[in-house]
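Labels run A, B, C and D following the written order; every chain starts at residue 1.
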Amino acid sequence: MPAPDTVRPTAAPGRLRRLTHLLIALALVLVPLLGTAAPASAQESASARELAERADLPDTLRVGTEGVYAPFSMRQGEDFTGFDIEVMDALAVRLGVEVEYVATPWDSMFAALEADRFDLVANQVTYNEERAELYDLSDPYVETGGVLVVAEDNPQDIQALADLDGMRAAENLTSSWAELAEENGAEIVGVDGMTEAMSSLKEGRVDAIVNDKLAVRNYIATTPNPGVKVVDETDEVSQSVFAAKKDSGYMPAINTALEEMRADGTIDAIYDEYFSAENVAPSWWDLVKENAGPMALAAIKVTIPLTAISFALGLVIALVAAIGRMSRAALPRAVARSYISIIRGTPLLIQLYLIFYALPQLGVEIDPFPAAVIALSLNVGGYAAEVLRAAIESIPKGQWEAAQTVGMSRTTALRRIILPQAARTAVPPLSNTLISLVKDTSLTSIILVVEIVQTAKFAAAPSFQYLAMFTLAAVYYWIICLVLSFLQDRAETRLGRFVAA
Amino acid sequence: MPAPDTVRPTAAPGRLRRLTHLLIALALVLVPLLGTAAPASAQESASARELAERADLPDTLRVGTEGVYAPFSMRQGEDFTGFDIEVMDALAVRLGVEVEYVATPWDSMFAALEADRFDLVANQVTYNEERAELYDLSDPYVETGGVLVVAEDNPQDIQALADLDGMRAAENLTSSWAELAEENGAEIVGVDGMTEAMSSLKEGRVDAIVNDKLAVRNYIATTPNPGVKVVDETDEVSQSVFAAKKDSGYMPAINTALEEMRADGTIDAIYDEYFSAENVAPSWWDLVKENAGPMALAAIKVTIPLTAISFALGLVIALVAAIGRMSRAALPRAVARSYISIIRGTPLLIQLYLIFYALPQLGVEIDPFPAAVIALSLNVGGYAAEVLRAAIESIPKGQWEAAQTVGMSRTTALRRIILPQAARTAVPPLSNTLISLVKDTSLTSIILVVEIVQTAKFAAAPSFQYLAMFTLAAVYYWIICLVLSFLQDRAETRLGRFVAA
Amino acid sequence: MSDRSSTSPVVRAEDVRKSFGDHEVLSGVSFDVGQGTVTVILGPSGSGKTTLLRSLNGLEVPDSGTVTVSDVTVDFGSLTPNRSGRLPRAQREQLTALGRQSGFVFQAHNLFAHRTTIENVIEGPVVVQGEDEGSARERARALLEQVGLAEHADKYPYQLSGGQQQRVGIARALALRPEVVLFDEPTSALDPETVGEVLTVMRDLAEQRWTMVVVTHEIRFAREVADQVLFIDGGVVVERGAPEQVILEPQQPRTQAFLRRILDPL
Amino acid sequence: MSDRSSTSPVVRAEDVRKSFGDHEVLSGVSFDVGQGTVTVILGPSGSGKTTLLRSLNGLEVPDSGTVTVSDVTVDFGSLTPNRSGRLPRAQREQLTALGRQSGFVFQAHNLFAHRTTIENVIEGPVVVQGEDEGSARERARALLEQVGLAEHADKYPYQLSGGQQQRVGIARALALRPEVVLFDEPTSALDPETVGEVLTVMRDLAEQRWTMVVVTHEIRFAREVADQVLFIDGGVVVERGAPEQVILEPQQPRTQAFLRRILDPL
């Protein structure tokens, strides 16, 4: 797997590309007028296919790619996507062949090519002389280089690599960009990836970043309000090519097709999709519309059942613990007290972690959902036990005594006189416990339960739209809590018809 | 960077190695008796150094390595560590040279070697003919191959690769191990790394794993109760070597030194450190002893200040909100009500996420600790506002009226008569809020505040000792909560000297 | 003293003693209550009147002494509570049997708050005595009629005035068909105007020859309705006799001082 | 009627009206209270006695009518509360001024629970009237002496009996040196034996010629101490006059029925 920060590809510098766009647009307008250019293009396309046939390209072209190198080669379930993949797909259409991708780590890529595990590599292979001697390399389909990135307000007024002297630059310590920055006099602050580097930059912890142009463009294109800008580019550029075994004979057809794709804007369109800011990031409103449904589904299929099951089990545990707590015998009292004290004295997060991560150490492996149910119902049990005990103890002693004077045993008195009144008293605090529980289910996102928050995180991550997605999640919880408060009022009225308003 | 799952090295199969140990032990006992072997060994050592001098090895040997390839080449701050690094260090001592490591991504490793950025590669370079033609390669210092791993109880009774037919195997989809398993008829279940694969195996979600022998041994060696065992090895082994530029002339000296290190058990000792189960994983008790201090420090330096600051700020917010809530004017009442409802109706986790991840979208970047303070104090404010309001409203109307009959204004009555009594009433619920807050600080681990839980996670991760570390963390919280309960009693007594016991 | 008190005793307390911690509240109290008679217990606040009354039905467990109600006798000195204060099953059943001989009317009435008037009255007969609900309701209606609450049968306690609640409490006690009805200051939590409606009901019960033991400060009630008056103070019976004797011609200085404080507050 | 009632009025209520929702509690009540006299207000439960008394010091704000205490007069009909019930500042100050003319003794005494006896007494003088704490304490000790609580000066309310608490309430009211002291059923929450200690203190005050308005059911107190008795019912003054007249020879059937219920409950 190539490190994400090494020298990699772009089609053309920004200004040139805008010119290209203009020319293409002009061409599109002029072609029908001229009446001849279109057939010529169709003819060229035919010639690529002819070449492909002559070159004996297989009907299904097997293409080696990593599948884990965003945004160039990524995998979604069984499908591959990414810049290189889309270019390859378009190329295959033009060549009239099917494509089958073979996921291969970078380290074994060329060995696998040699071993005929696939026919072509599409994985940001950088052109160099040595490679060109060993393999068949296509014409470049994109080129890249280094860029110098600063915060939007650029407090240090850095304009060129030369200005880096004495500045702090956020870099992956093992990358060649770190060296380049260091050579220019920068002090290197180690970071793990692009996102962390960009955060550091925006927060002013560093003054600049030197990194791959395409990676930077992709970050800017997919981040709302990126808050950074590119001020300089390195002189060297590197070109990305497709590679096949020596003497494959594929390259004339591929190069012709690439030429066509370059001419008709196909490559530019794909490039724009990944690396131009103008049209990539979905608006927060699109994201909300798109995810409101799935998040509601997560609420209905996970959050609510999780809450209901845990609450029901928790109440049972609570009743047992409350009775233990009020027992006259020392042992059940001590056990119940310790349970309640431990549950109430330690964070739910740790309780979740212990059940999910630590129990496996004792040989007990539990899936996220049941682990969540166990942790939450034990937690509810501890809190509700105290609620029930307090509710029972809040019933005036006179009620017990009156029950005794009509001849009842303690058990009958508890069942017929005390509990029905305690139920009314317990509704508000139990409903608080229930509302806390609803909110506490959000913690289970940390042990991989795909509930509301986890769904929001998934939705927000690709475009960094955390504000919109978390706000939406908060609204869902708020609504659930409001509904529960409303139900609480009804329960109070129902159970409390015997008390003054 | 080579993928962690590709074919890699072992010194010798287990039984052979135990024999080797025995021989070394025998040698160590016999050598002083014979009285000659020792000088001979010293002589050989001298000869390695002589060879080194003759080979014109530089005084400081620059060694290229990734630094991110556990457990072979890892970086800790400025220092490098790992199996390859320790072997290299021992080698350098024997050669009488200094070593300087140069962190280099795998992708650029050989280019950098060619460019004289360093003299030697120590990074699990696998021997093959092609490489041997292009570079100077040392004798192998370790060899590895594939192993077949099953759960300890091995429910499917898998004994050899051939038994995989129809079984499920957990593999990294892009690894060569996946292919090997597939070729043997297994159905592949995709996983991301060794830990996930092992969990799946132990939980019975898959039946077997095929993976690199050293990686597996390292997992078993560093995991308490790993719960898995190796049942078969692949036939092919691959050997790891050091690489230098062609015609470096270094190899005679290096090979002599490696021979010595093999003979005197140096390599075996290093091997055992990384790949033998017997002596690697620290006991949970060691871990507890080692981390009790740092975790207490995290409690004192982070958890407690975070709690104290957030509680103080939260009380101020709460007082304002409570007064707003009880105001006669509609606007402050509505604002306070909404604030309280939103805070109480949404999970703290989302509140934390919003402040930490979403505010940056609006251009507000906040460090973890202040972000935690903001989220927690807003949260406390919402809960404590209701506590204060309830406490004030719980003071009987007669107290207001009595104050009025001695001539007080409402403000004076609030200050001199109502609040002092409400303070007593508010102590138990406020102390509950405070105890909740202590526990809620654990959530800030998720926004990277290094408090108790985060410290526990760091400590537990390398050896998977989650049970011990999280239990220890829970104990710390429990103690803090018990202390707070005790202080609550004292506060109640102090503020409540005017009420019957 | 009317002739009624000459019948055989229904309640007999013998040498009842009770301490709370160091504080001896009852220091050996003995008295009899004849079948169909009214006994009024007078005494200063804290003198142990409530404790004594509660000892008669096992709501309070004296340290020693014997209480007999009808044919149930409990010798409190022979009870053997364990370390956590729990009695052996047989002894608990003895206490329960004693309790079932009497009805109890509380100062704070203690109606079952979640039950309507009539449900309060039938709870004991139906749940404890196993009476069929239909017949229990019929009797309950008659009792409510008697205490003047027929039209309030389906109200909850909170919907009734203090005097009405107290009368429900009386009906609830009577519904158990007890041998004796015990009243603990039944009117002292009431509005002065509504005291009368409760006292009137109690006088009617006396006329129907219910056996009653009443702790009260209503001296006129004692004078006009009681067959026997007990004045207790300092844990002992200071004076005991017919109301004319104890109230109009008290012999003991403590009785005299107490009556003066009550009757002539200014 | 004693000669004392002939002096000039300190309190004058004129046509005071007050409704709670649809329910008119006071339908035009007028009366005078002479300097140094005792007025007792009698009336059935719910007749508006408390509402009337609270109207005299602005604890309750009548809908219309005028109340004069000493030299402060408030015409309630002219008050202009805003939508949320708040009065303009000047009118609020008028009410405060009215309130400061009187002391108030509550049925439930309402002592400041977090203040000792003596702190309760000096709170008003020191905090509101700005009296120097030393002199306030001196006066407070004298007042506590007078109500018989000198030795309880440093106890908290919960450490006192009901009668003692009520006497602290009286001392607190007197410490303000009010023109008139208002009492709302000061003895009805007390144990019958302790009623006397409070009534005795009140009789002493009457003898010292404090002007007092007392709502009470203690008919004997009314007969022996009052200069004037008001019987109110249905929101109006039904009968008013000297105690001999109103209590012993009531003219109105409602007064007669009420007195019968109180004096002869059986």
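What we mean here is this: a residue touches a chain if its C-beta (ideal position, glycine included) is under 8 Å from a C-beta of that chain, and two chains touch if they have at least 3 such contacts.
Being a predicted model, the structure only gives us computed values, none of them experimental.
Enquirer: With one step meaning two chains touch, work out the least steps from chain B to chain C.
Expert: Graph distance in the chain contact network comes out at 2.
Enquirer: Using mean C-alpha positions as chain centres, tell me how far chain A is from chain B in Å, no decimals.
Expert: Chain centroid spacing, chain A to chain B, equals 21 Å.
Enquirer: With centres defined as the mean C-alpha position, give me the chain A-chain C separation in Å.
Expert: 75
Enquirer: Express in whole angstrom the distance between the two chain centres, defined as the mean CA positions of chain A and chain D.
Expert: 73
Enquirer: With chains as vertices joined when they touch, what's the shape: line, ring, star, complete or other?
Expert: ring
Enquirer: Where on chain B does chain A make contact in their complex?
Expert: The contact residues of chain B facing chain A are 1-3, 5-6, 66-68, 75, 103-108, 173-176, 199, 202-204, 224-225, 227, 341-342, 344-351, 353-354, 357-363, 365, 367, 435, 439-440, 442-443, 445-446, 453, 460, 464-467, 470-471, 473-474, 477-478, 481-482.
Enquirer: Residue numbers of chain D touching chain C in their complex, please.
Expert: Spelled out, the residues of chain D in touch with chain C are 44-45, 188, 191-196, 199-200, 203, 217-218, 220-221, 224-225, 258, 261-262, 264-266.
Enquirer: Going by the contact rule set out above, which residues of chain C touch chain A in the complex?
Expert: Residues 57-59, 84-86, 96, 99-100, 102-104, 106, 108, 110-115, 123-124, 127-129, 156-158, 172-173, 176 of chain C touch chain A in their complex.
Enquirer: Show me the residue ranges of chain A that touch chain C in the complex, using the header's touch definition.
Expert: Interface residues on chain A, with respect to chain C: 328-330, 396, 398-399, 401-409, 412, 416-417, 420-421, 424, 497-500.
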